[in-house]
Every structure is written in C-alpha cells, then in structure tokens.
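First the structure, in the form of structure tokens, and then the observations on it.
The letters A, B, C and D name the chains in turn, as written, and every chain counts its residues from 1.
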Amino acid sequence: MPSPLNIGLIGAGRIGRVHAANLQRRIPDARVILVADPVEEAARAAADDFGIKFAVAEYQTVLQSPAVDAVVICSATHTHAAITMEAAAAGKHIFCEKPLDFDLAVIDQVLAAVKQAGVKLQMGFNRRFDANFARVRQAVTSGEIGTPRLMHIISRDPAPPPPAYIAVSGGMFLDMTIHDFDMARFLLGEEVTEVYAAAGVLVDPAIGAQGDVDSALITLKFASGAMGVIDNCRQAVYGYDQRVEILGSAGSASTGNIYPNAATISTAQAVRRDLPLNFFMERYTESYVTEMQAFVDAVRNDTPVPATGEDARAATALALAARVSFDTGKPVNMTR
Amino acid sequence: MPSPLNIGLIGAGRIGRVHAANLQRRIPDARVILVADPVEEAARAAADDFGIKFAVAEYQTVLQSPAVDAVVICSATHTHAAITMEAAAAGKHIFCEKPLDFDLAVIDQVLAAVKQAGVKLQMGFNRRFDANFARVRQAVTSGEIGTPRLMHIISRDPAPPPPAYIAVSGGMFLDMTIHDFDMARFLLGEEVTEVYAAAGVLVDPAIGAQGDVDSALITLKFASGAMGVIDNCRQAVYGYDQRVEILGSAGSASTGNIYPNAATISTAQAVRRDLPLNFFMERYTESYVTEMQAFVDAVRNDTPVPATGEDARAATALALAARVSFDTGKPVNMTR
Amino acid sequence: MPSPLNIGLIGAGRIGRVHAANLQRRIPDARVILVADPVEEAARAAADDFGIKFAVAEYQTVLQSPAVDAVVICSATHTHAAITMEAAAAGKHIFCEKPLDFDLAVIDQVLAAVKQAGVKLQMGFNRRFDANFARVRQAVTSGEIGTPRLMHIISRDPAPPPPAYIAVSGGMFLDMTIHDFDMARFLLGEEVTEVYAAAGVLVDPAIGAQGDVDSALITLKFASGAMGVIDNCRQAVYGYDQRVEILGSAGSASTGNIYPNAATISTAQAVRRDLPLNFFMERYTESYVTEMQAFVDAVRNDTPVPATGEDARAATALALAARVSFDTGKPVNMTR
Amino acid sequence: MPSPLNIGLIGAGRIGRVHAANLQRRIPDARVILVADPVEEAARAAADDFGIKFAVAEYQTVLQSPAVDAVVICSATHTHAAITMEAAAAGKHIFCEKPLDFDLAVIDQVLAAVKQAGVKLQMGFNRRFDANFARVRQAVTSGEIGTPRLMHIISRDPAPPPPAYIAVSGGMFLDMTIHDFDMARFLLGEEVTEVYAAAGVLVDPAIGAQGDVDSALITLKFASGAMGVIDNCRQAVYGYDQRVEILGSAGSASTGNIYPNAATISTAQAVRRDLPLNFFMERYTESYVTEMQAFVDAVRNDTPVPATGEDARAATALALAARVSFDTGKPVNMTR
C-alpha cells in the first residue's frame, strides 16, 4: 500500500487534536483528510491548525466518505459505542478512545459488529506504548526476570478532577483504574481471576458525596497464581505518579517517574530535584504517537492491533468488579 | 544511675551474640555480666569472645542473680513466654526477641505478669530503629507529608529458609510478615481495622506441601481510613529487599534498599551497580545497636520502651488474622 | 507581526532537515518558504517531506527573494562565513549553524558586516536550550547555589567519527570542545581568562596520525576567580555522555544523562538500567526546537538573540587557545 | 602466629582513639596493650575506655616494651618522622598516620631507616580501604572498564578548618589534596608524570591572608597517557563530598556520596533527600577498621602492606609540586 492511509477524525477536542497533530506531523504514512465535530468551529480550527482539508459537523459525513480508510473516534464518551458500530458497518477501520462503553452488554454488541464487518478496532490504551512500561513488559516477555510473581502499579493523579467531571466519569474505577487494569493484563500477559478493592474517600469529601471514591488499593489474582496491587489516588501533590514494578523468579523490573530535567540541586538544606511531570499529556506525549503509528501499521499491513476491543471489555469488567468488591467488602471471582 | 546497667543474657545463639557484642562494645552504659545457654559451650564461647565474666547453662541462674538488672532473652522461640514470665516475677527488666508467642491467650498472660511485676518489657522489633524506616516515620510524625493515605511495605527475603525451619516457623505470616505488621503500625501510628491476605506458593512447592505460603500481598485498612499493602516473598534473587513508601496529603516518603557501595559501572551493555545487601544482619546491623541502646535508656531513665509487649500482641493478632483471611478468602475485621 | 516569519533554508543536509521539520511542525509563527541546496535533489526531498513550496540549487536565490525574512544557514562549514555576510548584505536575519569560521579575523569581518547591516545573527549553540543545562544555568542566575566556584563539564561522544571527518573537522577543540567552551561561558555568564589543555591520543592512534587528539582535560580560569574543567573523549562505550556540575558558595547543581526509559532491572547479577541515549540528535531533540523558537521570537519581537556571533567568536578563540596550550604545554592567557 | 598481635599506641587524640576502639572491639587478632600520650590523662582515658592495660606519658616506654610487636603512631604530625625512625630502630612494625613529613629529604631518611630495620611501615591512607573507592579500583584491576583514560576526583570538605589549623597544616595541597594524590595513584595504579594546579581563594579571604588556597582544580598526567583532575574545595555547604569517576576504554566507574538514610521525600515543592554524611569520621568509619585489619594481617602473615612509605613520599612530592605549579603558573614535570 504505497499511498498514505486516509483518516477521518471524529471529535476535535483535546485528545482529538493530539491525534490530529501526531498524524499530520509525525506519522508519514497516514494523513487526516476530514475532521468532524458537532461544534463545527472546533472542527474548522483543527483543520486549520493541522492542515486537514475538510471540516464538517456531522460524523456521518466521515463514515460516508469513500476516501476515508479508517476513523479515529475521539467524540464524547457516551457516543463511542454507537459510532464504532456505524463505522464498522461502513467498513472503516477504527481507532477508538477508551472507554468503549460502561456496559458489558453494549460492548459485546459492538465487538460482534466489528467482528462481522471484518474491520480492525484498536482501543486507545496509550500507556501500553509508553517506553517505560513497554520496557518492563519486555523484561517479562524476554524472560529477563523469569516468571512474574508480584506486581505493583502506582497510578496517582496530581489533583482530583472537578465535581462536574466526577459526576459523568463512571466513577474512579471506570475512569482512572481502567488504565491500570489494562496495564496489569498487558504487563503480565494473562487474565485476572479475582479482584478485591479496598477503597475510600481520603482526598475530598465532595467526591464521596457523589458516591465515588478517591483512593484505592486493588488486589488482583492472576490465572498463573501471580498477584498484583493497583495503588490509585486522585491527588499526589508532587505530580503525576506513574510507576510499576514486577517481581519475578529471576529478578525484578520497575520504572520511576519522568522528570522535566535531570538536574540535582544540593544546598545546605537538602539534595533535591524538580518535581516529576505533572500533566498526563506531557508525561505520555510519545505514547500517543507510538500507539497511532501502531494502528496505522496494523491497518496497512493487515496485522493484529496491539490493544483490542476485547482488552477494553476485560478492563471494563474488572472496573465493574472492583466496584462490586468495594460495595460488598469481598473479593470478586472473575472466572465464573 | 551512674553505674552501667547489669545485663544477663539468656541464649547465646546467633542473635544473642549480636546483642552481646553490641552491649559490650558499643553501649557504654550497660554491660553483660552473665550469659546462659543450655549448650554451655555456647555460653562459654560468648563469654570469651565478648568479655562476659560468667557463663552458665541454666537461665534460672541469671534470674536469681541479684546483680542482674535486666535480661535479654534470645532463647528458643517456644521458651520466650515462660522465661519472660519468670523474669518478670524475678523483678528483672526484659528485652525479648520476637515473637513473644504464637498464642494470643499466652501473650495476654505474659503481658499481665509483666504489668503486675512493674518491670519493663521491650520486644525485639529492631526494624523500628533502622535509620531508613525511622526517617519515613519521622516524615509522618513531623507532618512533612501530611495525613497518610496509602502505604506500601515491600519485604522480601533473598532466599527461602530450609524446610526444617519452615516447619517450626509458625508459617510465613507469623515468621516473616510479623515484622511488617509491626512496621505498618509503627509507621502510621495507628491500629489496623481489617486484614485481607492474598497469598500463594510461587517460590517452592515444598513450602506449600508444608501447608505454608511463600508469597503474599496483604491489604490493611486503618482506623483513620488509610490503607496499606504488605508485599512478601520468600525469594528475591537480587538480595534482601526492604522498602516502604507512604503517600500522604502533603507528599510522599519512601526508602530504597541499602547497598554495599555507592559505585556505578557503565559499560557497553548497561549502567549497573552491585546488588543490595543480602543478609538481614548486615542490612540491620545498626538497628540492633539502636534498639538495645533504647532499651538501656528506658530502664535507666524509667521511660516507656519504644516497642512494647502490646505491640507484639498486635502484630501476632494480625498474623493470625492474615492466615484466617487466606484460609477463608475473605477480609477479616480486627475491631470485633 | 501577525503573519508568520518567512524563512529560507540554506542547506538540506542532516541538520537542515531537523530545522525544516521543527519550523514546519512545531513552530507555529514561522514557516519555511524556500529551501536551497547545491544538491538540488536534496532540496527537493526536503521540500516534499516538510511541505516547503520552493526548492532551488543556488542559495543566492534565497537571499534575493523579497518574501524571505530570515535565513537558516546549514550549508557546509567552510561556506558559513561567506553566506552569512551575503545574507547580512541582503538584509536577512540569520540563524547560522556553528562554527562561523575557524579564523578569528574572518569571524571579525562577519560580525562587522552583520552589525553594519543591522540584522540579527543567532548561532546554533543548541545545548544552551537543553532543559537540563538550562536548569543548571538557572541555579546560577537565581542565586540558588550562590557564587560559582568550580565547574565540571563532561562531554564525551559514544564513538569517534571516521578519519575523513577528522581531517576536515578543524581538530577536536574546534569541532567538539567548541560546544563545551560555549557551555562554560553560558553556565557561568562570564569570560575565560586562562586556558590549559592536557590532551592526548587515548582512543585511536589513527586520530593522532592526523595530528589531532581524542581525549582532553581542559582547565579554565574565569574573570571572577571561578575555575572549571572540560572533560572530552571521542569514545564512551556506554553512550553519549553529557553532564555538567557547578559548585557554588551556597550549593551545587549537576545534571545526569538522559535515558530511553526509567526502568531498572534487578537480577541475581546486578541492578541495572539501559544505556543513556546514544545519538546527539536524539539527546538534544528538544533543544533544536527551543533554539529555533528563540530565534523566531527574537526576530519577531526585535529582542536580542540568546546565542550571538560574539559567543561564536569567544568559543572559537578558546578552541584555538586550547590548541596552543596543548602544543606548548603551558597555560594560555586570554586577557592579552 | 596463634596469639594476637600486641600493639602499642602512641598518641591518644581523636584518631588514636578511633584506632584504639577498632583494635580492641573489631579486630580479633590484635590488642592494644599499652598507650602513650604526653598528656598522660588522655592516655589514661583511652586505657579506661578501651580496656588497655597500661597508660604512660613517654612514647619511648612503648618502643622499649619487649611485649609490643607493632606500634600505631597517632602523635602530633611533626613527630611522625622521628618516632617512626626510633620505632624502626627498636624493631617494631609501624602503622603511621599521614603525613610522614612535609620534607622529602626527611621522608627519604625515614624510609631508609625502615628498610634497614626490616620492619613493616603502613601509612594511614584510609580512603584506599573505603568500600566505594575500593570498588572503583576493582573495576580497573578487573578489566571491567578497560584501560583508564580520564579520571575525576572530587574531594570537598563541608567547612574550612579554623585559621589556627590552616597555619600549621602545611597548606591545602599537603593537608587535604595529599589524600587525593594518593587516591589518584591508588585508583590508576601508576605514577603521575606531570602536575598542573589551578587554585585560588574562593571561600575565605582569611585563608588567602595566610598564604594558602581554599579551592583548586589540579590536572595530573600519568605514565600511560591517562589524565585526571582533582577538585578540591574547603567548603561544600551540603556536606562532605567525596566522589571519584574513571572513564576507561570499556566503560566507566563512579561513586556517589554516602547518606545517613535512603529515604526520599516528595512534596509539592521538590523531590529531596537528606544531606550526605557531613563528618569524615562518620563517612570513613569502616575504612579505619579495614586499614587496621590489613596492617595486622600484613604483620602476622609477613605480606606487603597495602599503603607504603613510598606511597606517602609520592603523595608528598605531588603536593609540593602542586604548590610549585600554583606559584609559577606552569605545569611541573615529575619525571625529572
């Protein structure tokens, strides 16, 4: 396939613009030819900023365009499932931001539609493509650290989102931990058999008032017998804290945070360095490029995508189970 | 009290010799004047090596000696409770190696006897005195990191003990995790309200054959709402792995491992350093001196000991609860 | 100045393409409208790859184009001086890759021409814009570490260049150390008064056979009394080693190397991490963007450029003095 | 030699007490049987504190005692040479604190006397025995980093000594850098052929008023062509800064500072740790034990001592040359 992949972008908000920029500037074998956003002004701004030829309001225009090979869905969360099904029906390959949906039955419908259409569906689990986590995954797959036994995933936001966001987020497990559930499955390469969620409201009572939690330690058991814990908090005042560690039979692999510079300052008070990167888009900048390149490659070479709809379903199922565990105070078996 | 504290040492095995050496060489205001060991040869060797005047076989001789102000009990584990009670009855202050006993009812008896006798009882939770953990504790008590929210305790041995040891160890929770349960209470300065133990046999099936586990992730909930996880494994091939981390409302505090040197070697293959210290006696050398100095100070100044019999009881109760949790697959409430 | 700055690119080789990519993709208020390269095919390829309208063979076409506001000179080293003078005569603002020339008299001519023309001239000392070195500089200017006393600049290449490159490089001091001479002046913000170069051939006798050196420790004295040493080697097998450290009266600031990931692997052999970045273009990626943005800003806002022709002259003078010092075995006074 | 080595200690000041404590408590195959100090009270205090049988005022008593196998000379600096010669004449093996003398002719006399007497003389270059520097040395001798090319020795005191000390110190090169000259020869295992000292008064004008310097960068050339730089400063406000780094053909080895704990604190301001150890006796505690054990071993096994009188002479010669270099502003050739 010598010509670049023609992409239609659906949704020109914050993450849509990230993908637009990456596709236009850093991925030579793809180009965005059409962008849609219900706020047509947003579509037009993206078109101007990133050199996209056409800007429209209706996403259906994208799906109907014969020139479009694949769509990148960055629309509002509640529209992901419906647009994905329509895109599949239109024969477009699909990159969709997470989550697909909060309802497993809906997800199953979508996956069936995608399967029937024979198109590719890649989910936006960008952290899999982060060089740091990828290196830890490599330590597992290469045998460098032997058989995994225990895993820690630390995933803390610098500050809690506004109440309005909490209200529509689906709750911390579906909004925040979902990334970590996917990371857990990605790093170990196997399925979770049991979830136990210890959680609470330790950051802001307003979050609790909305029925949500803001801090959690979630224990996972895996098919092989390996175990892991996810540490979540909506607030880490020193910055965006994103680390993992795996203990295996032949060693351990861990990653630290990413810093704006490698400088150390020693004074009469302390030896110190600047805070780690604070913003997820800065922390994960490169992972967005790598995931999109992987999608383009998968479509052009007709190879499997590295983050599937089934992965999205599994992470969602774990998030829902975590909530059940929290509500009941008991572990939830995932194998029944 | 101008003259040094006169100490009778009961038990001249490995840890007994450590305390003897520290008391004779590094603690100026105390001296061991009498050592007892059923293997009289061991008592004599310790006496020779550390300049102790008298060596005997029967510990009763120590308890009956009017010159002895305090005893340091390093005898076989199953004798701790009985000797402690006898020592209390003899009016001796007591430093006792952990565990006091595996049976809470027995511990309660001992604590009652100690209380009645009005003597001091300090338990050998040496890790509290390690400079690294003490610094993390200080970060909590000083308010440096605000109110604690989430805690990780990583505690992994370099290699599993021999099967014969496993058989009499009381199981991993009572033998190994007990230190971490104490560390958890020490670091946060509050009580555990719930224990959930995910555990398994991932290192050596022979351990499982003895009914024990060798790997665990144990979730703790605390009275304040804070949560913590203890990570235990009987084998970390890279060495003795002893770390903690606390996330608080105003920051986090964590400690890394201790290394034999601070050298880094960079070659065409990797940037690397030598493995962390491998042996607990080397890793915790200084903590043994500090805990004994603290005991001597508490006796001489009639101030509270920093690791009490009640601490031993609490850690034992948590270890027993962890086993119940593992056996039932459910969290155990500690407040009933 | 609401419209973007129109730039003519002269030279479409490796570094020319870096600047083209950055100007077209990451600097919104500038655009390359014309590219020239004597190998017209290279000009055309750059035009195609980066969306530049016109590609020509003669750089004079660029200078004569009235639409061009500023030129970016990335041509062969020996042409820098001449093209810079012609560009100045044509009234174009100039960004020129280092070195301006190896001959101080020629540099003086160029600087006079630039001054007379009243155009801006920024030199490509990109390392000044690296976040790590910039942070150390900030530690000096902010007073964070007090008055500087001693400085170390470590600057080692992963592997020596081919003999053909050595032959036209001007020698290690003019080719490699020149960056470090500029860094030294940049970090301390003052002039060097004395240079002493200890140097030798420790990597490859073939380099010595060409009359050049491959390893050096160069001592600098500064006007304030501060002192510094530059450590250069054409080969560091573990990667591109770029570090600085400044000791001041109130503390010290230092930077480490940059790594492809933050992962640590612990095995039974060692605790290790992957090698630092190996290629200067990868190590300094962001500094090229920042320096070009700074140039564009300086032209658009008519503010001073942050790396001047005088800086280029000073670094060249130090490189020439280092060679004299090496040849004579004595320090060279820079104030006469 | 089954019985322990009998040692006579000459000088019961600060360092004498360190050696007394180590010999009595941590080195089983040696014992101090006699201590002498012109301040007899000091001798008596040491005898009491460390269990030494006899305390006297005259060092001659030690030399005349037939029971004494070896002497440890910790007397005032200006007496080292004379007492060493007398001790050699008395047939005693000798451990002597540095410096032997500031005058090379005197040193030569001492070395001749020692040689003629056939006794061992070990100099107190304790840093050779520090685990960190020893590991770097091992990286050289093992071939781990190939052939050394460039070396950095950073050696900074936390704070300058009082003026009275400066007055009798012999100057910074003889007092402070002498350790680093020895370290340089130790790490590379070869001789220095040229010294160039850039130095100045950057910490305290009072030091300059005494004709001394307080900061220096000293360049060394070695017989093999390798080069090194010593960085000295009388004041590093963040603590005792003692690091080395060697670049070799196959890699590099470096050591960092030693810290009181391994804790890291992250707050909304910075990621920081406590300052490195501040006091040389705390930083080098273990090296004093190791060097003394090495001396005892060398005497008991009749093997060469690991830090000889010739080493002391070489370091002194380098210190004197550094001063000449500083005074003349030129490198000093050490091979003539």
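Miscellaneous remarks
Convention: a contact is a pair of C-beta atoms (placed from the backbone, for glycine too) under 8 Å apart; a residue touches a chain by one contact, two chains touch by 3 or more.
From a predicted model like this one, the values you see are computed outputs, not experimental measurements.
The greatest centre-to-centre distance from subunit C, using averaged C-alpha positions, is reached by B.
Averaging Cα coordinates per chain places subunit A and subunit D 58 Å apart. Here the spacing of subunit A and subunit C, counted between their Cα centres, is 39 Å. Between subunit C and subunit D the centroid-to-centroid distance comes to 43 Å (mean Cα coordinates, whole Å).
In subunit B, 236-238, 250-252, 266-268, 274 are the positions where the chain touches two or more neighbouring chains simultaneously. Chain contact topology: the protein chains form a complete graph, every chain touching every other one. Within the complex, the subunit C residues that touch subunit D are 147, 149-150, 152, 156, 194, 196, 198-203, 215-217, 219, 221, 225-229, 231, 233, 235-238, 241, 247, 249-252, 329-331. Contacts from subunit C toward subunit B in the complex involve residues 236-239, 266-276. Those residues of subunit A whose C-beta lies close enough to touch subunit C in the complex are 25-26, 51, 131-132, 134-136, 139, 144-145, 250-258, 260-268, 274.
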